[in-house]
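Next come two complexes built around subunit A: one with subunit B, the other with subunit C.
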Partner chain A sequence: MTDMTMTNTRATRLRRLNLAGGIITGLTVLGAIIWAFPLYWAVITSLKVEQDVLTPGIQLLPERWTLDNYIHVLTKTQAGIWYLNSLVTSLAVTVIVVLTSAAAGYAISQLRFPGRRLLWWLLLASFMVPIPALIVNHFVLMADFGLLNSWSGVVLPQLIAPVTVIIYKQFFDSVPKDFREAALMDGATQFQLFFRLYLPMNWGITTALAIITFIGAWNQFLWPFLAVTSESKMNITVGITQVYDAFGVRYARDLATAILAGLPLAILYLVFQRRVTQAIMLTAGIKG
Partner chain B sequence: MNRFRRQEVTAAVVFLLPFVLTYGVLFLWPTIQLAVLSFQKAPLIGEGQWAGFRNYARLLNDKLFATAVWNTLYFVLLSVVPSTLLGLVIALGVNRLKGWTQSVILACFFLPYILPVSVVYRIWMWITDNQFGIIQYPIAAIWGENVSIFRTLPLFMPTVAFITIWWLIGFNVLLFIAGLRNISSEIYEAAALDGATRWQTFRRITWPLIWPITVLVATIQLIMQLKIFDQIYLFGQGGRTDSTLGMVELVYRSAFQKNQGGYAAAVAVVLFLVIVIVSVLQFQLARARGQR
Partner chain C sequence: MTAAVQFQSVTRHFGPIRAVDGVDLTIAEGAFFAMLGPSGSGKTTCLRLISGFEKPTGGTILIHGQDVSDVPPNRRNVNTVFQDYALFPHMSVRDNVAYGLMVKGVDKRARLDKAEELLSLVKLPSYGDRKPGQLSGGQRQRVALARALINEPRVLLLDEPLGALDLKLREAMQDELKALQKRLGITFVFVTHDQHEALSMADSLAVFNDGKIAQIGTPEDIYARPQTRFVADFVGSSNVLPPALTKALGGPAEWASLRPEVVRLAPSGPKGTVTAVRYLGSGSRVVLRMGDTEIAAFVPAGEAVPEQGTEAAISFAPSALHLMGQV
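Our next item is the complex of A and B:
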């Protein structure tokens, strides 16, 4: 008898737990749908015929599907050039940041030279400096160099990435010393060590850092916005907010441009999900 | 003096040169110049005159500066605390899911985070458009008419903060999930055996163990949102920006629209100091945590 009641209460408790769990899961899914809706709505709108966008009522699917907005944006506007500008500057930032940081990280981690500690502390300290506070002086500097309205002008001030050096240093620190000594015994130079041992052993980290640096550079707004005023030199993130159609607002087209601007990143994320996650953890100071 | 091997030092110089050069020219030099400029009466480009503390004194009497500071703090308040707590709530929900469902749901919350601010701006301008925006249907149903959200002052900051939370929450969720995964399942199993309720489990186990991550997320958000510019600038374009500007926007305006480089630098130095102080506090907190 008592046994029966025991099993009964446990069963009800389990059921209640499951019910609560079900509700929580339901809410999570609902939240995800709400979160994704703005993206969905933007994509759907960009696939509608312009007149249909303005008809009253909510149409969750286009009445007439079309890619005209995208074709128009890519062939008849400057979006293509903006795309190219974004691509070139972001790739340049990524390559330079990763290479210089890896090299600097290697030196700080593995080589003994005067001023090493000072450099390390400077790096840790510069972590804190808010880059937006430097816009005035970056602008003056780029004006002095005559680099405003150019790719280099957009790229240069984005090259300050102490975090990347710090992460590389930490990963190079954990490469076993035996490998290093064995290679040195065989007469390897520092450059061989770096390119043949330390970099290959940390390809994963390099991929992760490259992806996150690229995303960061592509997403920059403030600096490219200041450094470039001529429409043909703008990055896509700046262009889509500063240049408007002379014939009034075209919602579907505007959204098509916006989606094109975000697309490379969305693809990059969906393909390299794990690496992106890892890179975010690392830059936040959590070893993933 | 021969603590260092010559060959090693030469290699170090070669390895460090590109980095040190960019770092010196693009970071240290501008930082020093910023401090110098803040003590000058100078245009954006061109020679300035020494002005002592006059720029700083001017800050104290500048209504715009007060507005900028207030707006920045207001925005920080509206965005940092809610996005931290909501991030934890979402992470708790997502963490319960398994396999591909988890990946899909997580992607829904995370995708906005990797988008450029301009795309976020375009999407939400469309959603909130005061003629055709989808959000105007519920607004019209409740309020009786369409509302031009970004032209209604009391709605401006909360809406921008809301959009910012929508945009950036994925970052917080990710960090919280990592934190939750680090809590060993044995503790939960033990609690379940003892018949702990869901709330007790959260209150006594999850919350205290996730607290360090909560602090981390909140401080990262705090430092990030103190530098707020993009969203406020974009959504405020063409509006009454005198009442919506933040500190970075004041730097931008003083320097690039009013051509007052010295004054802009002084504003930037204040922002600089605020963020350095917050970062030092965070660093100390993190260290204290590490030692414990």
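Our next item is the complex of A and C:
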């Protein structure tokens, strides 16, 4: 009898668990739909003929499918140049930030030199200054250097990356000192230690940081918007605003432009999903 | 013959802590020398002083007659096998072994050939393409040895290299290390806290305590003729007898040591109460309380073992009683 009661209690508990699990799953799916619907709507609208966009009622699928909006943006605007500008500046920011941050992280973590602690505290303190607060200074500085309307002008202010330095320092700190000593006994130089030991041993974090830096640089809007006025030097994020200006409110074309701007990142994310998540978690942890 | 390593009144202080305190030490060339002691006794610091990763606070260190105070680790012609092997996880076994030659700029073909040669020496000839993570503990240990030997050091430092291995593998590696050292003829300086390992492998050894050398000598000297109570106790868990008990057992009124394996139970003789009995396989260890002191005796397998709480008498050869000059 007692056994039967226990079995019944267990079954009831399992049913409750199943019910709770079902409700949570349902809510999660609902949340995902709510989140994804605007994205879906944008894609669908960009594949519609402009006249159909303003048709009353909700059309979940286009009546007339067309790629004209995409073809127009790619062939009749400077989107190709904007892509190139974005690619060059984002790659430059990524390579320089990763290399300098890794080198700085290595120096602070592994080398002993006067002012090391001060440098570390300065890095930590730099969190307290929001980047937008520096934007006027950056603008004046770039103008004085004559770097406005240039790739260098877009890139340079984006190279301030204390979070990346801190993450590298923490990872280099965690490398057991035996590795370092084993290499030093064999006569390895600091250069060899950095490039042949510390960087390859932390390749995972380097990939993650490179991806997140690239995404950040690609998505930059405010600074490239201020630093560049010449249409041929614009990044894709700034360039799409020109499409809007030139043709007025044309929803299908505007959304096609926006989707084209975000497409490389979406692909990048899909390919390196795990690394991106890792990097976001790391930077979130540092930023608290 | 020039000593391989010499310490002349070497000290190493970390703030108020005297990790190494006035150590004088000579390690003969080609010797298998062990540094034995409990954790924090200064043995690993001494090893790091030889390797150059620590600088002495005072005193002089000579390697093959040369004062190495200002010589960096890579110019001392020594190398180290680390406790956790320190194999670079992103490199293949072959690249790990060849690393020392790579940083020296040796041609790729030559260094990989040499790496293969060293891998054959440590009996891992077909493991070059693997990553360290694909090897067992014993195999990693051999790779670490090969890597440390590739630059042909004259002194090889081994920092508890067998500590991470299971007992059977450790015993096998002890024999292999000893054989390898004989074959290569280079000086091995071996740090361990395992007295059995030190006694079975070393030609000579130093027992460390509180940053000082408590005793230095051959394994037989250290085991049979400990000079201090610490050495007697640490190396082989000897019975340490206070003067009164030494006298009661037939010796002079001095501190003495008595190895448990020479103490047997007898029908008559000095008596004590059995407080513990432990089965060892080859026999049993019986602990008797005599006054304030506990004396361990050995009962070979097949002989009667007394019950705990009963009285038993002990006997031993008078020559087995080793009088200690100090305590």
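Note that in this section the second predicted complex is superposed on the first by the 262 of 288 C-alpha atoms of A that agree within 3 Å, B and C clash if a C-alpha of one lies under 4 Å from a C-alpha of the other, contacts with A are read in each partner's own complex, and residues count from 1 in each chain.
In the analysis below, a residue touches a chain if its C-beta (ideal position, glycine included) is under 8 Å from a C-beta of that chain, and two chains touch if they have at least 3 such contacts.
Since we're looking at a predicted model, the values are computed, not measured.
Colleague: Return fit or clash for subunit B versus subunit C, each positioned on subunit A through the superposition.
Modeller: Because the two structures are overlaid on the shared chain, the partners are seen to fit without clashing.
Colleague: Under the stated touch criterion, which partner chain does A:Ala188 make contact with: subunit B (first), subunit C (second), both, or neither?
Modeller: Touch status of A:Ala188: second partner only.
Colleague: Is A:Leu265 touching anything from subunit B or subunit C once the two structures are fitted on A? First, second, both or neither.
Modeller: So A:Leu265 only meets subunit B here.
Colleague: Touch test for A:Gly146: subunit B only (first), subunit C only (second), both, or neither?
Modeller: Touch partners of A:Gly146: none, neither subunit B nor subunit C.
Colleague: For the superposed three-chain arrangement, provide the angle subunit B-subunit A-subunit C between C-alpha centres, rounded in steps of 10 degrees.
Modeller: 100
Colleague: Please tell me which partner, subunit B or subunit C, touches more residues of subunit A.
Modeller: On the superposition, B touches more of the residues of subunit A.
Colleague: Is A:Asp178 touching anything from subunit B or subunit C once the two structures are fitted on A? First, second, both or neither.
Modeller: So A:Asp178 only meets subunit C here.
Colleague: For A:Gly22, select first, second, both or neither according to whether it touches subunit B, subunit C, the two together, or no partner.
Modeller: neither
Colleague: Figure out whether A:Leu99 sits in contact with subunit B (first) or subunit C (second), or with both, or with neither.
Modeller: It touches subunit B, and subunit C stays clear.
Colleague: So in the superposed three-chain picture, is A:Gly204 touching just subunit B, just subunit C, both, or none of them (first/second/both/neither)?
Modeller: In the superposition, A:Gly204 touches no partner, neither subunit B nor subunit C.
Colleague: Aligned on chain A, what is the least Cα gap between subunit B and subunit C? Give it in whole Å.
Modeller: Comparing every C-alpha of subunit B with every C-alpha of subunit C, the smallest gap is 10 Å.
Colleague: I'd like to check the shared interface: which positions of subunit A are touched by both subunit B and subunit C across the two complexes?
Modeller: Residues common to the subunit A contacts of subunit C and of subunit B are 189, listed in rising order.
Colleague: Could you pull out which subunit B residues touch subunit A in their complex?
Modeller: Listed in rising order, the residues are 3-5, 7-9, 11-13, 15-16, 18-20, 22-23, 25-27, 29-31, 33-34, 37, 44-45, 90, 92-94, 96-97, 103-105, 107-112, 114-119, 121-124, 126-127, 129, 132, 134, 137, 166, 169, 171, 174-175, 178, 198, 216, 220, 223, 226-227, 229-230, 234, 237, 248, 251-252, 255-256, 261, 264-265, 268-269, 271-272, 275-276, 279-280, 283, 286.
Colleague: Per the contact definition, I'd like the list of subunit A residues that touch subunit C in the complex.
Modeller: Residue positions touching the partner: 176, 178-179, 181-189, 192, 197, 200-201, 203.
Colleague: What residues on subunit A touch subunit B, complex-wise?
Modeller: 17, 20-21, 24-25, 27-29, 31-33, 35-36, 38-39, 41-42, 45, 53-54, 58, 96, 99-101, 103-104, 106-108, 111-114, 116, 119, 126-130, 132-141, 143, 156-157, 159-160, 165, 189-191, 194, 215, 218-219, 221-222, 226, 236-238, 240-241, 251, 254-255, 257-259, 261-262, 265-266, 268-270, 273, 276-277, 280-281, 284-286, 288
Colleague: State the interface residues of subunit C toward subunit A in the complex, per the touch definition above.
Modeller: On the subunit C side, the touching residues are 51, 53, 73-74, 78-80, 82-84, 86, 88-90, 99-100, 103-104, 147, 151.
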